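Below are two complexes that have chain A in common, paired first with chain B and then with chain C.
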Partner chain A sequence: MLVQAVQALATGLLTGTVYALLGAGFSLIWGVAHVINIAHPALAVGAAYAAYALAMRGVDPLVSLAVVVPLFFVLGVVLYEGVVRPAARRSGDLVLVSMVLTFGLAAALENALAAVWGPGPRVINVAYTGQAVRLGLLALPVPHLAGAGLAAVTIAALYLFLHETLPGKAVRAVWQNREGAALCGVNLRQVTGLTYGLAVASAGVAGVALALIYSFSPASHLTWLVFVFLVVIVGGVGSLVGAMVAGVLVGALTHLTTLVLPFAWTPFLLFASLGLLLLWRPTGLLRR
Partner chain B sequence: MLAVPQALRRGVRAQGKPIRLGGTLPLTGPFADTGVWVERGYRYWAERTNRQGGLLGRPVEVTILDDASSVDRAVSLLERLITVDRVDLVLGGYPGTAAAAQMALVERYRKVYVSMGGHMASFRRGFRYSFGGPPLMGQWWYEGAWRWLANIPRGQRPTRAAAITVNNPVGMAARESFQEGLKRLDIPLVMDELYDLPLASAEPLVSRARALGADMFLANGFFPDGVLAVRAMKVLDYNPKVVLQAVGSLIPEWVTQLGPDGDYIVSGTAIHHKLPFPGIAELNQVARERWNLKWAPQYFLFGYAWAQLLQQAVEGAKTLSHAVLVRYMREATFRTIAGELRFDERGLPAPYEYATQVINGEVELIWPPGRRSAQPVYPKPPWRR
Partner chain C sequence: MSRAAAAGVAVVLLLLPWAGTGEYPLALLSSVFMYSTLAVAWNVIGGFAGYLSFGHAAFFGLGGYTTGFLLVRGGLSPFLTAPLGGVVAAVFAALAGYPCLRLRGPYFAVVTMILGLAVRAVILNLPWTGAAEGLWMTLPPWEPLSARRAFYYAMLVVALCTVLAVRAVRLGKSGVGLEALREDEDAAQSIGVPAVRLKLGALILSAGLTGLAGGVYAYDRSYIHPDFMFDLHLSVLAVLMALLGGRQSWAGPILGAVVVRLVDEVLTVRVGTEAARIIFGLGLALVIVLLPEGLLPHLLRLRRGAPRPPAAVPAAVVRS
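Our next item is the complex of A and B:
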């Protein structure tokens, strides 16, 4: 029982860390630009396909990040400049418009991926797929370790960027008080573009990390969106640390409950806990 | 050879007003991976039928609307096809949840409906116009596997089974099959867990099955959860004697994407590319030429079979009147790529009992012995590393 508990906890923490990364970028855009980017998981699925395409040519998904991260950063800036900003300028209700707009974008991305790759599922197989690091009776899946490692490094890098660099501090300033930041000379357009770039690049890393663990298809973004909302709502909109804590909590809870209760109860417990949490802290664990 | 339409035998080209067939399928969304194969089956059937003289001498025209994997949309779009577009014949939808909802709709409009159905529950509702031709019946899913296992000497059979099942109509139907089948084989079910989609991780479930000493593991779910279960078994070095998997292992990606990890998984089917029925060889050839696949995928065969059955009903009854068609279908025997089908009062053929096993990247028929394409591998070898 103890081995099972430790095994469940370890796998839960690793999986939860990857959810946290997917939620982190989503949270960042929501916090800074007040845009609920429904297309965020669809972009992650796009990155999974990019890694898959490179893996087919013998490039390890971890190496493929050298292409995926800059590419998705640029994509994020283009998304802001080309789609969201023009809509934001014309709209009185940015939250609603951005939701509809990014929902449409997600559907378009899904269809584009299906047109190129077909609607069937894909699986990334690399040398370490199905392998585990064994610590006594404990088996830690290498893809989970790699995914969680990527997630932890990316979240830490984002955190350091936001807290230790001048552009990062400008992002936080916009996040905390948009008008105040503008009055202090922060270029809102540049900062928001930068935020989009960072968030979409993090979606790219999350997509690659998730593809190491899960199969994916063009429609997978609908599944991944559930994880994103869960992490962001529990963690608190705009909080990287909150996303990390929420991801780990969700992962641990879903894995540990199965030791004492039927697995079918997991979603009920998860969402009941979410309800209780929101009653206690309506803005999530660590809302900025 | 397939049953050749009368028009072709007379060497007549299809002419006149087209016969319009319409239906909905999940061409986008979570069920699109299989939905597109059903569509390809329908479209190839139409292409072939037109090439060979049409239906009742008239060309056929197929309209498939994308229901985006939503049951509500599947129902409303089919209603539109029936009432606004006024199609002559209705094509069956997918998956079982959509088909079950559409079965109730077509009953109201009195249209013949050939599909996979929505497992046994949908055929117990007393519908007259719906036929499972062949059905995808969770309750019959593992019948072939039980018969195969019953044939293994008692001392070598698995002694404890653990099951994880997706908590939806597909999973519940398969659950009936394994609960009853395991009882028959006198194999205790030591773990019987349900899960909701999306399954975030299979490790806790697999870890419990291993701890309980189960030497038979049943993963009754779809492709993504099937992949998670297989990978968790490999990571945890859990090597049961036999692993059964439901729907997930039916799509070509199980073999093409999962590779050797997908080997030795046992499943069931109503239709298979290695069955000796007329028409199968041609469809395998089409799959090779058009999609560069070794064999025709099962859902391609299903789509073709459902349209083929409708075609034989129309040609046999020589009418598009649904009232006449439904009477004819209850009495006639049909020779399709799924074998000989004759329907009972529920609209169901006799239960099928084919068991499959993935062996060296091929989905082989392992039961019944007379239809075997390969010898079963038992017990399952340990995971390759």
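Our next item is the complex of A and C:
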């Protein structure tokens, strides 16, 4: 039982890291641009399919990132400049507009993926699929380790960027106080565009990482959306460290509950705990 | 629409099933009535009060499942089960809404969306709801056309009741109160608008009407499954329809529902489901960018701009 618990915890921590990355980008857009990007997990699923298409041609998913990351960065900037910004300028109700708008994009993307690859689930097979690293009685699957490692490195890079570079500090300034940042000469439009680029690129990385761990289908983005919401609400909007802690927590909880309850009950437990958490602390566990 | 025109439309809709109309047009119209109900009901909390719910599928599905469960296990008459479905949805809204309505803005939107997904997860895992296999109901041995007519009238009655109830709310005192909450909740509360009572009342009414529609729909379909009774698309369609028609009035969502449902039908028939959903998703994005206020205000402005006496705009529409 103890071994099983530790095994579940370890798996949970690995998958949780990937949820953290997916949540971090979503959280960044919400915090900086006040936009709820429902299409965020759908973009990640898009990246998973991109990695899948390349893997079919023998390209390792980790190598495919060289294509996915720049592509998704540009996609993020285009999403902001081409879609969200014009919409936001015409309406005062940014929350409603952004949610409906990005839901529309997510639905379009989901069905486009289904039109190309069909609605069924896909799996990426790489050279190290099925292999595991043994630590005593524990077995850590190599794809899990690769996915989690990828996510951890990306989160660390994001953290360093936000805390150590000038553009990164500008992003954090806008998150903390939009007007104040603008008064200090921060170009809001550039910073918001940069945030979108980074966030969507990180969604691309998270999608590739998740594809290493789980099977995925065009409709997977709804399941991933739930985890994204959980990570952001538990960790607090806009907080990278919060997202990291929350992601790991959610991952660990999900896998630990499977020890005591049938797997089917996990989503319900997560929702229930989220509901209680919101009643207790509506702004998240780690308050700024 | 003037009173005479509204009465004319009502008479036409009432007589339509006896004018040699086939099953397909009647089914399509029933579905238009259903979506009108969902959009108009959503608008009470989402439009009037400004609390954006993305979880109305939960109320719809609960209404449907109450009906299905009572029919299959209790053998109750559908005349009883559909209203009971509305009651169950309303009670659930009261229980879940009380904590949720403490949240504002994006938090409320996100939590209601999670609520919708959570209820679906629960129903999928309860064995006595049929879980992932769904629930079959047996219809009385009607001819297809008379069954169609019966459900046409049932949905028409639900839609009419919904529109009348919501119109009464909008034009009444609580409509003013809800509008005040939407504009500035703190200021409204400080001058004595009973915020909690109004918000909760709006959510309960909205959920109850949605559950009622779900109950009738479940019986019409005679097979229910969490995948379509709690579909996130339902929640979003209700939002979209209200938004497209215009959220400030009671009539806007009807216009939105009619337009969206008919466009959706044409697209699905012409280009197939997947392509239709791609076009639909992009169209949704486009509508939000181009028409954030909705269609109805634009139409009214066109009418006002035309060289007609001001009396041509009836008082009810202006006030709404």
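Going forward, the second predicted complex is superposed on the first by the 268 of 288 C-alpha atoms of A that agree within 3 Å, B and C clash if a C-alpha of one lies under 4 Å from a C-alpha of the other, contacts with A are read in each partner's own complex, and residues count from 1 in each chain.
Going forward, a contact is a pair of C-beta atoms (placed from the backbone, for glycine too) under 8 Å apart; a residue touches a chain by one contact, two chains touch by 3 or more.
Remember, predicted model here, so these are calculated numbers, not experimental data.
When both complexes are overlaid on chain A, the residue A:Asn111 reaches chain B and chain C alike.
By the touch criterion stated above, A:Pro86 is placed in contact with chain C alone, chain B being left untouched.
After overlaying the two complexes on the shared chain, residue contacts for A:Pro70 are found with neither chain B nor chain C. By the touch criterion defined above, A:Thr254 reaches chain B but does not reach chain C. Looking at the shared chain after the overlay, A:Gly180 reaches neither chain B nor chain C.
Residue contacts after overlaying the shared chain place A:Ile36 against chain C, while chain B stays out of touching range. The interface of chain A with chain B overlaps its interface with chain C at residues 107, 110-111, 114, 222, 226, 262, 264, 267. By the touch criterion given at the top, residues 27-30, 32-33, 35-36, 69, 164, 167, 193-198, 200-201, 203-205, 207-208, 211, 223-224, 227-228, 231-232, 234-237, 251-253, 257-259, 261, 383, 385 of chain B touch chain A in their complex. Those residues of chain A that touch chain B in the complex are listed here as 1, 3-4, 7-8, 11-12, 15, 107, 110-111, 114, 118-123, 125, 129-132, 139, 141, 214-215, 217-220, 222-223, 226-227, 251, 254-255, 258-259, 262-264, 266-267. If you check the complex, the residues on chain A that touch chain C are 30, 34, 36, 83, 86-87, 90-91, 93, 95-97, 99-101, 103-112, 114-115, 222, 226, 229, 233, 262, 264-265, 267-268, 271-272, 274-275, 278-279, 282. The touching residues of chain C, counted against chain A in their complex, run 52, 54, 99, 102-103, 105-107, 109-111, 113-115, 117-118, 121-122, 124-125, 232-233, 236, 239-240, 243, 274-275, 277-285, 288-290, 292-293.
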